[in-house]
Amino acid sequence: MSHRNYSEKIKEISGVNPYKCMKCGKCSATCPSYNEMDIKPHQFVSYVLNEDIEALADSKSLWKCLSCFACVERCPRDVKPGKLIDAARQIVVRERGGDYLSADEIPELLDEELPQQLLVSAFRRYKR
Amino acid sequence: MKYSYYPGCTLKNKAKDLDRYARTCAEVLGFELEEIENWQCCGGVYPLGNDEIATKLSSVRVLNDAKEKGQELVTVCSACYHVVKRVNDDMKHVDDIRTRANNYMNLSEPYSGETNVLHYLEVLRDKIGFDKLKEKVTNPLTGKKIGAYYGCLLLRPGKVMAFDNPENPKIMEDFIRALGAEPVVYPYRNECCGGYISLKEKEMAKSMCDTITESAKGFGADMLITACPLCMYNLNKAQKETLPVYYFTELLAEALGVKEEAEKK
Amino acid sequence: MQELVNRAKELLANGTVQRVLGWKAGDMAYNPEPSYFESEADLSEFVYDAFCGANLSKYMIEASKKEGKTLVFLKPCDSYSFNQLLKEHRVDRDKAYIIGVGCKGKLDIEKIKKEGIKGIESISGIGMEDACDTLKIGTLYGDKECSYQDVMLERCHVCKGKDHVVFDETLLESRDTVDSERFHEVEKIEKMSPEEKFQFFQKELSKCIRCNACRNVCPACSCRKCVFDSTKFDSAQKANVDPFQEKMFHIIRAFHVAGRCTDCGECSRVCPQGIRLHLFNRKFIKDINEFYGDYTAGEDINQEAPLTHFEFSDREPNEERG
Amino acid sequence: MQRIGVFVCHCGSNIAATVDVKKVVETVLSEPGVCHAEDYPYMCSEAGQMKILEAVKEKKLTGIVVCSCSPRMHEATFRKAAERAGLNPYMVEIANIREHCSWIHKDMEEATKKAVILARAAIAKVNLNTPLQAGESRVTKRALVIGGGIAGIQTALDIADAGYEVDIVEKTPSIGGRMSQLDKTFPTLDCSACILTPKMVEAAAHEKINIYTYSEVDKVTGFVGDFTVDIRKKARSVDSAKCTGCGVCQEKCPSKKSLNEFNRGLNTRSAIYTPFAQAIPNVPVIDRDACIKFKTGKCGVCEKVCQAGAIDYNQKDEIITEKYGAIVVATGFDTIKLDNYDEYAYNQSKDVITSLELERIMNAAGPTKGHLERLSDGKAPKEMVFIQCVGSRCSDNRGKSYCSKICCMYTAKHAMLIRDKYPDVNVTVFYIDVRTPGKNFDEFYRRAVEEYGVNYVKGQVGKVAPLPNGKLLVQGSDLLDNKQILKEADMVVLATAIEPEASVRQIATMLTASIDTNNFLTEAHPKLRPVESPTAGVFLSGVCQGPKDIPETVAQAGAAAVKAIGLLAKDKLTTNPCTAKPDELLCNGCSQCANVCPYGAITYEEKEVNDHGIRETRRVAQVNGALCQGCGACTVTCPSGAMDLQGFSNRQIIAEVDAICR
Amino acid sequence: MPLTENEFRPKIVAFCCNWCSYAGADLAGSSRLSYPADVKIIKVPCSCRVNPMFILRAFEKGADGVILCGCHPGDCHYSTGNYYARRRMTLLFSMLDYLGIEKGRTRVEWVSAAEGVKFSQTMNEFVEKIKSLGENVRLGDLRCKN
């Protein structure tokens, strides 16, 4: 797929209209993972609009987003940056198979208390 | 009153406590939780993509099961509540998802979001009533200063979850008050514990949990309560010694005087 | 029946009324017709039996223009029509002397014929003094019998009640005749698929020959000049030339009487083609009851009519029924 | 048969770029009745109108169709042109081929086709038009101003100075409005009370102005030039004629726990109170919900201490009915409720306040006597944070989609005043954009930055978290430095969105003035008629029409006054001749039409008619042309079609339907 | 949108009240908020001016959809007109449904003078709806169809 197509796909999967963003930065002010991210939440829309999908796909931010929906809740323009980044992650996972988490590394990540849902959700989020 | 009950995977395993206290207390409070047969895991995370259908089907099955019985659906785990409620909202409002999900499911009658999804706390608030609950408390938790930890999943997105005010919730505080204890309100009670990333980003999760527990302690909490096994895990990983974390159902059982009875189950 | 004649004679004699509006025996046992009686002698032809379905209230519009009072016999259901006309200033209460007459249900000759009874010469068991449970019918082919109830007019099965809403005096006992649910037929149609509904009405309405009998008999349809006869809407029509015009006529006719129709059922009774015209009016009545609260036209002349009244919280036209 | 001329306007390229006007001309020539058609770049211009005049003369036209912009724009222009040409002005119909066609379609073929159809519909209608004569109605030379803030006061003063009687209805106990709550005003920093109070006094003293405070509009009937209004004077429980305004009652009143509305609920007041020292009239009211006498029957302290004997517990609401020729709405605004913005902790912390609350705190008559201090502990703040656009520019249903317009400037004002008076206080302003169009406005904002060292940070705040130490942790972002910021503040001030005063909805309904989705009153035209409501005789002043600062409000108030004066100066108004007209021969006399007439314009008469030779007396409907406003409700109620509407007759509308569906 | 062959282009009549909806349509125009050319607007003083005869007439003459727009309840220029229109149309639409006429062919929408966006959206939706229903064959005078 071309960059344009990826960009369109992200908009489609997320249902986000990035043109609605007014660049107020409330998402970045809200995000608990802000410091861990290389591309900041308020920048997501620009990458999609500029069709700079490669940078987005290679970004650490994809894996640092908590899906805590705080940005979605507080966005005054209903842009939902969290859905946008999730869609980008979806595309990466679908296209590249997802190399962020491999089954081999699971055992060492486990401990006694770790709840099942964490494993289930990790696979949902990071693997095809 | 009889409800369909969806415990979810973790409550059958690492979070057994959350489940068995909930069931025992339901008996005391006079409502019945009828576990759905052959339920499947909700997936633990709501599939955000508009084109995700298959990943939503296990929730649709549960919802449709409750619909066929004519019951409301109760969950205890925050994650299950979140996933099932959001899928239900999709089935109600998103034509495309509804059509495609129903095509997969091939039900005798298409499912379109008819089931009402309730969190156990909502049953206490809206069906039983915190006043009534207070009357049933035999062992009030007087003197305990408890911080409610909501996390993200119960509250957000507020428009879909419609659980409580997402920025200033009070249902757990009212719950704590009904048990005879003193709620401690602190601003980070609706901030994320690190949730889903804690499998790989242990440090990040720890620092987030520290902010939460520091804030709670700062406002004088002796302990936290949560409805989420994932939050419980993360909060305990970050610290365990200075601020104990309990499932809300455990304190409920204690206040109703059935804690030991529940533990025998 | 004789009581009615006697009382009419009295009222004529003492000058209370100038004339009597009632039913006159027809050429058959089953077709009495509305008639004025100006004198005692005229009244020899007066009849009141189970075939006197005709609603006389509409005649009172013209009678109100005549000198002096007119004695009119109104069955319970007819009195609603009279009241509605009163509300619309079409009849003059002071020009009417109303005797509310009892009713044991009126009969539908078409139903008798449908029972396979042909060549009718005489019918007995139809007087108000009769038990009205079995009809004995003398025909060219011998005596036949049939159940009174089975051959009653549709409207009598769903009768509004046997109390008169307006009268000066009442005579003769009534009998309750309700044995069906009034809106049952309408509901059945409502449950059909659009295609079925369309076919159903297409079949009914394609029978229409635009004879205007329904319009002429209807007490609510009493305009001096009907829109379908005037140039006001560019809508003057005589015969239907296409299926649409049948619909147009019947929808508009029903709409014009919505909130005013007392469900007297005369339209269906007189339709020579047997079209169940009351299904239109009754649909409006049912909707009005459901959407805006129960309303019976003609029951109370001071009540606000549903189409000249509103509530802030009325339902929206696009709203789904539910 | 009419002789119709069709005139197709290019409107420069507005129409002609999308509609093939020549084709329209060519096509309509074959329509029945059309004997002339032409196009012209600007039909509304004098030269364009001359084209119409010439054609009427040459071709002996009896009807005119203009294919142009919306009739809301130029119907009046073309009717006048027809009149100049000697035609009845109501022989003109407009086909709206601009707003309803060229502006919304891109494909020329399609737009041209549609333009032809719209022209056909207008032609079909004109074929059935009949000359109509406008009637006349009188003008009551008195204006009503609803709302006694700066907008209402200015409007009333201007109308009164022109020599007309004006009544102001104000629902609170005093005139003055929001402006009286402000401490200083931008961009000059003069004291609000100092410039407002003289205006209030002037209004009160003006012989042509009559002020009803503590009063509300209950009912409005009638129409332009002739409104009848019921004003409810709420029971003050104090006799205004006797009260000397000494204030002893307020001092002695034992019930002192009611929230002080004037101070935005930041402190309390007595049950008997005047809202503020400069109140006009200086007559207190008793808040009956708080008064011990009204609640328990015991007390009566105020009555005992009042030497003037002005206290009257038995006073009742009084209804005053008055006639007006014009009504000006000046109902103003309020700040929005912040319940949807709990991330800013307004409901959780006393030290998070709105800007209007800060005005009261900064004001010498405010709850802290003008000292800047935290409401939680009375301590002086060292670190202050302002958050802009709280609830403004939100398209997510939590707040308002519009820019509240005044916040950037008042925030700069607050920042500057604080830095000026308390140089040791650090001030940080989080903004999305700083919007300062206006005379000396941007200079004002720059002074705050350059001279007063106010720290402006571009980026919205995500959360304000109260800390155990009593401070507030502000979590924001600096988009220019790409940093997340955590700042401990002592006070946080929210530039809260403004919205129209809640009562405006009810008032708009009473006036049948239209209102937009944000509850702002709609203007007759957004650019060309900004102070008039689409409802004739109703004018708009101040923020009820849209967000405005004080100079704009005063300017608009003056403009509204001029419009009202223009109306009041007329002795008679011509009335709309498009009224209902019954055909007596068809009328059944059933009264159904009268039941739906909102103006009581239909009456019944026993009248002798000659119905094709039959003479008889009938009950027939009569329409009072002065009362009828031409809605047409009666026409549909009438089953026989006896009632018709002139200018929108059944046959005319059906002709349009037929032309469109052809 | 360019015309393509064989595409079904419905005929749609929109009755708009002078005070709110017609102005709303004007605003849609001046804001360049497009909607299909299939919609043709007839101005009436108030939604209560619209006689069921007009609507049926439109269908008779070949309209595929009829929409009535008026001021929002409570905002009628004549105070009460739209309330009557609401009752009349509620009953008329219910009757048409009862006769088997597709429900989507008739609609009432309240559009204020400020709702250009809503006007355009409504018309776009309505045209889509009518397109999905196809040509009106149940309520037409077939002679009017060419």
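Read from first to last, the chains carry the letters A, B, C, D and E; within each, the first residue is number 1.
Please note the rule applied: a residue touches a chain if its C-beta (ideal position, glycine included) is under 8 Å from a C-beta of that chain, and two chains touch if they have at least 3 such contacts.
As the structure is a computational prediction, the values presented were derived from the model and not from experiment.
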Steps in the shortest chain-to-chain touch route ending at chain B and beginning at chain A: 1
Furthest chain, CA centroid comparison against chain D: C
Centroid comparison with chain E (C-alpha atoms), farthest chain: B
Chain pair, A-D or B-D, that carries the greater number of C-beta contacts: A-D
Cα-centroid distance, chain A relative to chain E, in whole angstrom: 44
Approximate Å spacing (C-alpha centroids) for the pair chain C, chain E: 37
Euclidean distance of C-alpha centroids - chain C vs chain D, Å: 54
Approximate Å spacing (C-alpha centroids) for the pair chain D, chain E: 29
Overlap residues in chain D, where contacts from two or more other chains coincide: 343, 397, 463, 596, 637, 650, 654
Multi-chain contact residues (two or more partners), chain B: 166-167
Of all residues in chain E, the ones touching two or more other chains: 51-53, 57, 74, 80, 84, 88
Interchain contacts (touch definition) - all pairs: A-B, A-D, B-D, C-D, C-E, D-E
Touching residues (chain side chain C, partner chain E) in the complex: 186, 189-190, 192, 194-202, 227, 233, 235, 242-245, 247-248, 251-252, 254-255, 258, 280, 283-284, 287-288, 291-292, 306-308, 310-312, 314-319, 321
Residue numbers on chain E that touch chain C, as the complex places them: 51-53, 56-57, 59-60, 73-74, 80, 83-84, 86-103, 106-109, 138-143
Chain D-facing residues of chain E, complex: 1-3, 11, 13, 19-20, 22-23, 25-26, 28-30, 32-35, 37, 40-46, 48-54, 57-58, 61-63, 71, 74-81, 84, 88, 112-115, 120, 144
Residues on chain C engaged by chain D in the complex (per definition of touch): 65, 88-90, 222-227, 230-235, 256-257, 304-305, 307-309
Chain A partner contacts - residues on chain D that touch it in the complex: 343, 389, 393-399, 432, 458-463, 475-477, 479, 482, 484-485
